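What follows is a set of structures to go through.
Next come two complexes, and both contain chain A; in the first it sits with chain B, in the second with chain C.
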Partner chain A sequence: MAKITLDNVTKNWGETQVLKPMNLAIENGEFVAILGPSGCGKSTTLFLLAGLYAPSAGEIAFDGHNVNRIDARDRNVGIVFQSYALYPNLTVRENIAFPLRFKTMGKEEVVRRVEEAANLVQISALLDRRPSQLSGGQQQRVALARALVKEPNILLLDEPLSNLDATLRITMRAELKSIQRRLGFTTLIVTHDQIEAITMADRIICMNNGEIAQIGTPDDLYRCPNNLFVAGFIGTPPMNLLKGEADGRCLQIANASFDLDAECAGAVTFGLRPEDIALVSPEAAQLQGEVVTVEPMGREVFYTIDTPAGLIHALEYGEAVRHAPGAKVGISCKSDLTLVFDACGNRIADLHADFSNHAEVSARVLEPAN
Partner chain B sequence: MALAQTNTSMPLSASVTPDDWARLERRGALNRAGFLSAIIIFLTIVSVPVLLPYLWLLVKSLTSSDSEVSRLVLWRSTAIAAVAYLGAIALAFLADRLRKPALSWAALGVVVVILVAIFLAPYLTFDNYRFLWNRDIEGTGTTRMDLMPSIWAALGSSLAFAIAQTLIVTIVATPAAYALSRFAFAGRENFLRGLLLLHAFPALALTVAIFIQLHYMGLLNSLTGVVLVMSALELPFAIFVLKGFFDNVPWDIEMSAVTDGATRSQAFRMVVLPQVRGGLIAVATFTFLRGWEEYVFVQTLLIDKSQMTMSLYLFFVAQDNMGADYGMIAAVGIVYLLPVLILYTFTQKYITQMSFGGIKG
Partner chain C sequence: MSNFQIRPHRPARPLLYLAPAIALLAVFFLAPIVVNTVIAFTDMGANLRVGEFTFKNFERIVQRDARLPMVLLTTLIYVTATLFIFNVGLGALLAMTSTAIPERLGNFFRGLWLLPRMSPAVLYGILWIWIADPSPSGLLNQVTGTLGLPPINLRNDFPLFLVILANGVVGASFAMVILTSSVRSIPSHLANAARVDGASEWGVLRHVVAPALSQPIRFITIYQALSLMTTYEYILLITGGGPVYDSTPYALYIYRRAFENGAYAYGAALALGLMVIGIAFTLLQWRITNMRSTFAAPKIEVL
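Up next, the complex of A and B:
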């Protein structure tokens, strides 16, 4: 139950700066996910907040109080480590009760809290085992219970669900979210899993190379990525990024040209989500290509199309395979949310390319091939 | 085709008759039996020279020093041991075919006991152990009281010596190893290299210098001095081995304890130390044994032998100018060995772990 602010916080290991100056404000009770590739500094950020690392520069504040000089043990932060970090010499019960040993608290109170926390993550039956006798998922839940039992102000989770099977992961996701809602502590969760971030978090911090690439709601990151990294990182399958050349109000990609709704010049990258692509007859579109692979995935069909601008991925909803490999198709766009990035990889705000500049395109969407 | 024809030993060709299967099965059984017996024979041959001295030491300590009797007893005991060994192997082979294996083992035990009772018992005596209750070991009536201490005093000093050394080494090595494992400080690498060098250094080369040093410190002729010297010599190895164990304790676990509200030292005591318990026990055992067996430094630094350890006592008994009494030397040897055996039975579980924890360094 604390508001977290980071003011130009950096972290160096020797010569290398693994965390570039970071500014961040997380509201009281907010659920924030940190998303990013391996080694981008996610765990480092958590450890800075927990007080396990001291920042090399900058200021970390909880509720406006600078905590740079507050010891980890006094920050009242619950943390679930990537490796769970259970104490192998203690039973599950003792593991969960461990944080309470350092608080003045009656015996019954300890027992009550431990059972409550164990119930919350559904491990009441395992209380007398040792960590080595638990599966990965069970260990993770013990770690979670241990972090929750001290009723922390801030909960930090380092990939807490990575070891669970798919169904358990979905239940735990919902569970975690509802526990967080109920108890209201500020939560940061580190994850590799975009779906996890998108479904659980109020806001997502997308990190790359020790820097925050973008902070925003899941929808912001998906719809309006600020730069090429976020555009390529968020969303599976990833966004199609096509190299092109802008000149005035015209965008040239390979042999096709499109209208721009604002002036622009120079090398740009054009971004188009696979699910926004409509496959039409070749004459109906500026950009044509040949279907290379077709992967029916149940609810949708995934096409890879070889075009003069490179390979393009397209996703069509519906079970029917409407284009066979080798078929010639035209590539059009269903939405006007196409994105243009400048040569440095930053999105040019309010600039969109008009893919459907032919009035007839939408009318001539290909009918299913027989 | 040509390949299949030339390769006659190819076992699973298309036309395998039932006869072939039977032949293959027999061949497999034969191979397994051959392999097993080769291993058993090899291990037996290798262990005989290692284990026989222990048997002979025990037997020797229990027979009178008359050389005729002594030789007879040695060979008889060896024969009985061989019978017991062969019986055990036979039983192990037949174990899954026997209906009551436990009963067969008991029978073998009884046979061995009977053999011992018939062939050995008449010659056995506890006379060699008379030093345990009588300091007049020569039976001359004149005790060499001033020279020959009681075995109990020697056992006591050896025990005190080894325990003191163990305590000092573990108490100093634990924080040192922890610091080396956890903290990055200037010169850490050089320190580690130095530790290894110190361990590799032949300690005997230092004897003269140590002698002089102890002389100036006024610790010559005192067990305390030797304990300090031995502890210093044992420390590098202990630190190095313990560091390996500390390295295996994940950083996360300690940090987790700290976020849970423990101080650094509480985290060390409650979370880290229990995980290196095996390593501590192993290191303590080795240090204890080093102290227990130490001879050279005790011999050099305790000039007037007013305090005697077991190693000195053994040497003393062996050096009798009346001619060595081998039976008694063997008996002292057995007494010297026993504590080690007892210690090992309690700690071997941890010592076998040492190679795991220690080598990762």
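Up next, the complex of A and C:
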């Protein structure tokens, strides 16, 4: 229920700048995920929004009002800490009710809200225990209930589901998303789980080294990563990044050369998603390699292939293992959405390498390879 | 064929491991109590000779010692005032303030407060005697002198106040050290959670810091109350318990009776009383503060 704007916000700890100037606008009621490697400043960003850290420079605004000087307690923000931060001397019930102590509210109202919040996260049976008597996942849910109970304008979640088992995580994910839709608070969730980010969030902020590497819808980040960092970070298994040399309309990768659809020159990196790779017979492709490992994963098979351009990962859908370790295969591409990054790591817009053309005709002919 | 060597399981022998501790306790704690108890039932004087076994000492405590009620009152005032104002109150305040300021400054500050504890008692006593000296050259009187006030004779007019102050300033450092580590061990995100939940800084102190300190404060209260009841060296050095018996708490009273008046047996009987008071007090505290609930189960299972 608040629009968040960050205008050149930075955070320094002594000499080191852990957050470089950050500009960001999050719409009212939006659900945004922050993804990034450990130590990139995700928690710091949340703490700045919560008012627990003061920005070293720049302006944070809620609904257009500068909140730099507003205390954490007056921001009506709910937060779930990475380490839960439950009050050890209070019972679960008292923990959840704690934020309501500071609001004028009738006793019955408090009881009602606490029970509602506890139901939401399925901990009604634990209300009289102390945090030390709970498992990690249960503590996490108490923390979530405590953040929700005061009906915040902004909900900040620092890896709130990391300690739950797989089933509960999926339930909680859906639950959280539906609560958020219903109550409409603006939500930022920090997570290491890309599936979580992709399934829950309207937009994803991908951070690296205290900087926003890219903001966009999950699809944007997956399909059109702006730079090598995002390309390599988003997606599991990660995108294959092959070093090559561009010269005019020709791209040379190891001993193979491909057509480019626009002029380009210099060292480039070529990006190809594992699931976009088609494994064909060696003669049918420019780039060949030898299968090193084969990992059947149920719905798909994961291959690692040793090529002159380095190790390449490929995913093939279907249960059948079609190539055994040691087999020679050709690397082709199913999609025309191949990406090319310049020497600085930024994606060259509207430049694609034609990886598939050459192989396509022969691939059809030689389909039952191996 | 397994690679495990199967060793015969030997049951642990708790008595064997506890023996050294039990021996120490017996020699240094139990034996003196027994000796003291025996002496209390004799007429031993400064010549150390025992003439007869008697109950006279106890009769005297209960019926004929006119100083005793006054001494007990002094003890009560001395112990409670020192304990709550300084040993716990000031200690907690020092712990909280010295952890709220920058780390180095805090360490320096705490170091200062620890100095008197590290310096010899006699030196510390002399310092206070100089501070309280009734002549215009005493430190306090130099201050009052510049303010144009008449000199004060603390040792004569407010001996109990002086004694409480001198003991409190030293005593506060114990709680300060323990509570500092308690404050430090509070995870910072707890205070942050409270702030986000709507607590003011005062609320953080009340809802996060205070609960974390309550357990160590209980311990400090029991421990320091007992130690205040039984120690008297600063009092002996600074006022000597005087004027007359005005600043003589129970422990010092025992000392004065036994060694100033040479009534060893009577001192021993009084000491028994102190022991009884101490035990009663400990049991009471044990009950009130529910100490048992703070005992954690052993981390290592001994079979």
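To be clear about the criterion, the second predicted complex is superposed on the first by the 359 of 370 C-alpha atoms of A that agree within 3 Å, B and C clash if a C-alpha of one lies under 4 Å from a C-alpha of the other, contacts with A are read in each partner's own complex, and residues count from 1 in each chain.
In this text, contacts are C-beta pairs under 8 Å (C-beta built on N, C-alpha and C of every residue); 3 or more make two chains touch, one makes a residue touch a chain.
Predicted model only: the values in this text are computed from it and were never measured.
Colleague: Kindly say whether there is room for both chain B and chain C on chain A in the superposition, answering fit or clash.
Modeller: Chain B and chain C clash in the superposed model.
Colleague: Thinking of the overlay built on chain A, is A:Ala85 touched by chain B (first), by chain C (second), by both, or by neither?
Modeller: Once the two structures are laid over each other on A, A:Ala85 reaches both partners.
Colleague: Which holds for A:Phe102: it touches chain B only (first), chain C only (second), both, or neither?
Modeller: both
Colleague: With the two structures laid over each other on chain A, which partner does A:Val77 touch: chain B (first), chain C (second), both, or neither?
Modeller: Both partners.
Colleague: Which of these chain B stretches, 40-48, 76-84, 94-102 or 112-120, gets into chain C when the structures are overlaid?
Modeller: The overlap with chain C comes from chain B residues 40-48.
Colleague: Can you give me the overlap between the chain B contact set and the chain C contact set on chain A?
Modeller: After superposing on chain A, chain A residues 47, 50-52, 71-73, 75, 77-79, 81-83, 85-89, 98-99, 101-103, 146, 150 contact both chain B and chain C.
Colleague: Taking the complex as given, what residues does chain A use to touch chain C?
Modeller: Residue list for chain A touching chain C: 47, 50-52, 71-73, 75, 77-79, 81-83, 85-89, 98-99, 101-103, 146, 150.
Colleague: Touching residues of chain A toward chain B in the complex: what are they?
Modeller: Residues 47, 50-52, 71-73, 75, 77-79, 81-83, 85-89, 98-99, 101-103, 146, 150.
Colleague: Can you list the residues on chain B that touch chain A in the complex?
Modeller: On the chain B side, the touching residues are 250, 252-253, 255-263, 266, 270-271, 274-275.
Colleague: Which residues of chain C touch chain A once you look at their complex with the stated criterion?
Modeller: Residues in contact with chain A: 187, 189-190, 192-200, 203, 207-208, 211-212.
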